[in-house]
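Quick one: structure below, then a few questions.
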Amino acid sequence: MTPSSIFMFIILLASIAFIVVHQRSLAISKNKRQKLHSLPRHYGYFAATCALLPGIFVLAIWLVFSSSTLDGIIINQLSTHMTIETDVQAQLLINRVKMVMDTATQLETDPNVIAAASEYLRLEGMGRYATLFFALGLGCLGMGYAYLKTGVEFRARNKFEKILMIILAFCSGIAIFTTLGIVLSLLFESIRFFKEVPLYDFLTGLQWSPQTALRGDQVASSGSFGAVPLFAGTLMISLIAMTVAVPVGLLAAIYMTQYASKRLRKITKPILEILAGVPTVVYGFFAALVIAPAFKDFGDLIGLPIDSHSALAAGFVMGIMIIPFISSLSDDAITAVPQSLKDGSMALGATKSETIKKVIIPAALPGIIGAILLAVSRAIGETMIVVMAAGMQANLTANPMESVTTVTVQIVKLLTGDQEFDSAKTLSAFALGLVLFVATLFLNILAQRTVRKYREAYD
Amino acid sequence: MNALNPTEVKNMLDLEKNTKMTVEGLNVFYGDTHAVKDVSLNLRKDEVTALIGPSGCGKSTFLRCLNRMNDTVDSCRVEGMIKLDGQNIYDKNIDVVQLRARVGMVFQKPNPFPKSIYDNVAYGPRIHGLAETSADLDEIVATSLEKAGLWVEVKDRLESSGTSLSGGQQQRLCIARAIAVSPEVILMDEPCSALDPIATAKVEQLIETLRGKYAIAIVTHSMQQAARISQKTAFFHMGTLIEQGETSAIFTAPAEEKTRDYITGRFG
Amino acid sequence: QTRDQIRIVGSSTVFPFATAVAEEFGRSGSFKTPIVESTGSGGGLKLFCSGVGLSHPDITNASRRIKSTEVALCAKNGVTDVTEVKIGFDGIVLANAKGAHQFKLSLKDIYLALAKEVPAPGTQGGTSNLIANPYITWDQINAELPNVKIKVMGPPPTSGTRDAFNELAIEAGCKAFAGNAALKKSDKALYKQKCRSIREDGAYVEEGENDNLIVQKLQADTDVLGVFGFSFLDQNSDSVQGSLIAKKGTDFKEPTFENISSGAYPVSRSLFFYVKKKHVGVVPGIAEYLAAFTNEDAWGDEGYLTDRGLIPLPESERRVIAKNTKMLVNLSLK
Amino acid sequence: MNIDRDLKPTDWTDPKIVARIKSRYNKERRFKIYGFSAMAAASIFLFVLIGTIGANGISGLFQTYIKLDVTFEQSRFNNISQSASNEEITSAVQTASYRTLLRNAVYAKFPDVKNRRDKRRLAALISPGARTKLKEYVQDNPSVIGTTQTLWLLASDDIDQLQKGAIDAAKPESDRRVKDIELTWVAQLEKEKAIQIQFHKDFFTNGDSRDPENVGILGAVMGTIFTLTVTLLLAFPVGLFAAIYLEEFAPQNKFTDFIEININNLAAVPSIVFGLLGLAVFLGTFNLPRSAPLVGGLTLALMTLPTIIISSRAAIKAVPPSIRDAAFGLGASRAQVVFHHVVPLAMPGILTGTIIGMAQALGETAPLLMIGMVAFIVDIPGSAMDAATALPVQVFIWANSPERLFIEKTSAAILILLLFLISMNAVAIWLRNKFEKQW
Amino acid sequence: MNALNPTEVKNMLDLEKNTKMTVEGLNVFYGDTHAVKDVSLNLRKDEVTALIGPSGCGKSTFLRCLNRMNDTVDSCRVEGMIKLDGQNIYDKNIDVVQLRARVGMVFQKPNPFPKSIYDNVAYGPRIHGLAETSADLDEIVATSLEKAGLWVEVKDRLESSGTSLSGGQQQRLCIARAIAVSPEVILMDEPCSALDPIATAKVEQLIETLRGKYAIAIVTHSMQQAARISQKTAFFHMGTLIEQGETSAIFTAPAEEKTRDYITGRFG
């Protein structure tokens, strides 16, 4: 009796409930020669729901609480045979018990453990039957309720639809939970971080070197958490990316919407879509493998010292990544400009490019600006390209040929190296995440405002 | 062949002199749709010509051929001859930019640019380089707005956006914008259909004052309007020009059955 | 949850060896292949010592010995029975790109180039004579070295390589000055602090814990020296070269398999891993994994780990350790 | 209305104006060229990207193999006889040292090599992965025990790189990883036609490995499949229901607005932040296992949810109101209108959005790094609870490995990833085109 | 008060008996827009009532109140009393679903579901559970299509999509669909405005045959159409019901100046 078979039973009961109540409502409508409020199947649906929901609820409770309860019981029993002092010991014992249960391993020699394993199996089996019993029992009650309710007056469809609606509403509430989860998970850790490193120092410090000593006897760098070099690096790379992406993306969008023939559009649109679909880790690999060395070689050729992990290379590739993003959003903004404005300009004898430059672009400008803002927020949050192609070392510089690091790189670096949940080093990753979240949130809200404005202008 | 008498000749010459645009055997296709079928029609400098007919009969299409606005529709193919002052406008060496400046157009829905009123009117003169100095430009803008009967209403708010005006004002602004490049012909495609009765009346009045200075062609759905403002009327049906003539004649004694049915509301 | 797969964390230096054994172990059939994460020695020990139980790793690799403080941390969290397995040697090399100047350094040179504070020129050190490191180019330290800016990329403090480097190179160089040596006797804590601190003015660049990246960056910037384990040099011998290092004077030794194994190369260290005894028999396969690691096929003179750059222990030592490992002898720090 | 002023008629033959028109046309042409170049540039980027990766990736699907005579001495298999029981055979096959078998085979091929160091080199010609193959071979054919068989065995990565021309034999010996003596061996093998580049199908059936020649993509593919399945099972129904609710049922109030703002913002929250969320909530609070596709799937589901909701809403919105009116007019309830008419009609759009969201999730790496899906994992995961990596993470891991051959392997993995992506996008485009003009 | 004579009483009772819907003091608001202002009007079982008036005057809004279709517009607020057979349809315990089945509606643009012709017609009976067996359903579909004059044209292709029909056929399909739930009232909002003259004629003919069986209210823009098919006409202007009465009376001798202006085309 596995949880999934319990689930199947519950489903079965729900089906039965549907059939029974459906039949009953059919019978009622026949006997009384009176019209039911809802269709027979609505009564069926309602009954099925009444049978299903309590069953699912019981099963969920079992799934959530069973293992801790059973573990406790088994430990209790085992403690009569052996000394179990700590929770940890208990946990390890349970693992041994479960290994015996799952794999019937021959390695286990302790008879107590083997006995406990069979006991565990027995209890678990009992628990599952109890679950099944309660699930089906409550389900039957639900079905009975629905059965009794079935009648001419009862508005089964409305009731059923109401339940449906609650489920739908709950689903849309998940977005809120997610945001809440993000904010809370970032905030808690960040607050702990800011207890050690003052917020002001974090936001204005010019020195970033988070590698603090882990133990007392270790002599390491003193650790400083001034995030300005990270912000500067992030901004520089984003700026380079935008310098590549905005003109190319915008011009491409203009060409696609205003000049390209249908056939050309048919070819190029998928190209841009593929470009948009390429995972960023691939761009990162491409940057590290092709672009960065190429830039460096080019620098050597003309006598410019370009770092092998220059901001330029990372920014350039990020720019490529963002081109389709900008072009598709600008495309939308441009096509949203009503044809009548274009006609108005053309009818005055303006050439196409004059129309585009003087009428279409200004009219689409809010949308385009919104697109650019969204693209910036994307660039700021982009991770893999910079992890693979930008530097690791915080470096406060204005020279794009040097290597700089970004907020996201540092988050990855801090969290994939060491994992401990109390040092300032690890916590600083969450603080950086919070900064990132707030920054992109701000940009998004701004972008949405601008975009909404131009939508209003034409709707 | 009989000899012509002097008055007749004078009339014909007069006609010739006053004819601004001539259309001969015009056929227009959108892909496979034959939207305008073998239409011939003249526009005279001193008259307002109204184009009427049920929806989809090709009025707009016809109108948009006169300044080659149909060039912007990919699938559109135009056959036949359209002459502006005797020159075929579909000639290869005709400059579309110049043509459209000479043949202005006003659309069904007022479509001011989302710029200031001033910039709306100045747009045409600027792109064509019609004003040497900014004083010239001011002058052009003022005159155009005045001609469009909008000057008094907007002279104190030239900087506010064209879209902030009311519908009727917007339509007159569009007319001013067309006038600003000193066109010779003005085409109007249902210029009043999006306006309320009062604004409609103002625009009709404006058309009346413009008559004589520009050759005007106007598409309208309202027979009443056609009767009020036009001197010539052309009735289209399913792409064909069924009948044309003096407005008064068409509305009182149409030659064709279809025309009569239409203007008495039998169909459409 | 139950766990039927060994979880290993720890040093990036030991990572290639641990993964190689893990893969072999998985290949041999009866158990799942262990999951190995590279977290650095310090981070690994911290995770390892954070408790007993299935959410904590079973084994941690370290490129240095566990410290008494770490043992204490372990004990505090109930991780009391730990078995230490010494698996071999690794040399720490200072290397730069092939084709650039091959450095010949004494430990003293290294100390002078990288310590946070060094004795003022002409003095023998000691607290009163220590000044913030003034050297900018190598030839300021030693006229025989090239006139190249001092720039060294090395691992961060979480790494065992860094610990060992501090101890074996910097501290050893530091001790060479009489004043510093005297300090050791008078104030041990202060001595440690002075002799093991690395400068933070940009000459020493911390480069994450992934040694591979350093190798790549050295190729890109030929003026830079990198600090990493011998196995990485061995893997990348076609693109980087190790500097020659002398314990004293001009007795320069190249970092080679033989020199490290024989102890002639001064900056070499032992590699370890640590096993949580309480997990043995709970998580299946730990004992077998230990056996696989301490098998001659693996860590022997001709074992496959030598192909990956591990420098084996002397055979006699191996025999003892293998035996102790089998019996899960408790760690004792002496 | 008074019109006393008149505009002066434009003289279109004025040379100034003629010149101006000419220059305007030139500008027009230039502008068009800019636009075209921008589009061409974007296309060129794509081709360079795919070209570079494709060139490397294709060769990553091939490996060098060496032909050797392997003697399966009985003594190495516990001296079992032909009549041994199945269990005996299995255990003998299980415990035999294939390493020694292989070694002896290579030594036999080059009997002149005596030096210890050279012998090690010799043994290293063959990849350790060959051992697994050999074992499987004996498992499948226990009858070979006691015989000598000629087999093609996987060569090590250095030899492979040499054969593929990535290692330049003309360089001085100290500057290359393959030494002179190995070159002579390879030359001899070549003469005997005993070395060959073959299609390496193990790449599709192996898990990760330390040896680049031996790595396979299956572990990552399975990890991705489990992850995406979890994502899809969660994100699609929840996203669809949320979209339906917001578009069709939600009252216009502050709360709904708040949900909407939330969704729009979530759509643009950097993916790494979702990784932090997964780390803190799923690993930290719910104590779900590290590195598990379940956690990856949950995290990615939260990440793709906004995409799915937004595109589903757009699709639902695009269903013409006339259809709704018609159904309402017949007395359908709101739920009936929605589920009988609106959702079925919007389904192509919803599916398109879902596929695009899933494609996004497929390519996502950063959040997975945060929840420990970056580790050395050899075993092919068998469920969503087993430790696993995913395709893009595997790309990241391999891209950061020093061995040369990993570049090819990374590229090959990327090709597979792109194949998945492009086919998903193609389905989305097809769906969109097929159902675009329905009303 | 005078005593009523028997004929008068009989007439009044008759009127009472034939009145299907009564609207009293109806006011409708869209947010701040007051779209329908204090309108009172009766629909009779045996008559077609035409609603005319210029665009935006509130005809559609009025019509959509009669089967509470306006409930689907969030911003819409309805005040006043609408009774169907004496029962207030805006009453709390009125089931909208049932109401809409009793008061059917046909829209301006034909809007068949993108399903088969059969399913289009069968949809209403299915959701209301009007047919017990599939034979019943077949019967309902056939009868409805026949009543809508479409049976002959489509009986061999009931499985093909409703959208594959021509515009006129689609509109008749929509009427059949409405009839299939056996409504008591049918509301039509410019049912012919998207149709060509021939299709229009067919639909008008159909309305003629339906008259007497259903109370019918029809919004139209064409005065000719109103004159042709309706017995009662109501003229709306800017939300107000200006005038109502016998169609013949309204079109020959309107009581109000506005009505006269409108039907003679003076505005609109």
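Letters are used for the chains, namely A, B, C, D and E, taken in the order the chains are written, and counting of residues starts over at 1 for each.
The rule is simple: a residue touches a chain if its C-beta (ideal position, glycine included) is under 8 Å from a C-beta of that chain, and two chains touch if they have at least 3 such contacts.
By chain, UniProt protein names: A = Phosphate transport system permease protein; B, E = Phosphate ABC transporter ATP-binding protein PstB; D = Phosphate transport system permease protein PstA.
What you see is a predicted model; the values in this text were computed from it and never measured.
Fewest steps needed to get from chain B to chain C, stepping only to touching chains, is 2.
Within the contact network of the assembly, the step distance from chain C to chain D comes to 1. Chains making contact with chain C as well as with chain E: A, D.
Compared with chain A, the chain whose C-alpha mean position is the greatest distance off is B.
Nearest to the overall CA centre, using the mean of each chain's CA atoms, is chain A. Between chain A and chain E the centroid-to-centroid distance comes to 50 Å (mean Cα coordinates, whole Å). Distance from the chain B centre to the chain D centre is 61 Å, each centre being the mean of its Cα atoms. In this assembly, the C-alpha centroid of chain A lies 57 Å from the C-alpha centroid of chain B. With centres set at the average Cα position, the gap from chain A to chain D is 19 Å. With touch defined as above, residues shared between interfaces to two or more other chains in chain B number as follows: 97-98, 101, 127-128, 181.
Counting partner chains per residue, chain C shows two or more touched chains at residues 3, 213, 216. Residue positions of chain D touching 2 or more other chains, listed in rising order: 24, 333-334, 374, 400.
Those residues of chain D whose C-beta lies close enough to touch chain A in the complex are 24-25, 27-28, 31-32, 34-39, 41-43, 45-46, 48-49, 52-53, 237-239, 241-246, 249-250, 258-259, 261-266, 268-274, 276-277, 279-281, 284, 302, 305-306, 309, 333-335, 359-360, 362-366, 369-370, 374, 392-393, 395-396, 399-400, 407, 410-411, 414, 417-418, 421-422, 425, 429.
Those residues of chain A that touch chain E in the complex are listed here as 36-37, 39-40.
Across the interface of their complex, chain A is touched by residues 67, 69, 72, 74, 96-101, 104-105, 107, 109, 111-115, 123-124, 127-128, 163, 174, 177-178, 181 of chain B. Partner chain B is touched in their complex by these residues of chain A: 261-262, 338, 340-351, 354, 358-359, 362-363, 457. Across the complex, chain D meets chain B through its residues 1-3, 5-10, 12, 16-17, 20-21, 24.
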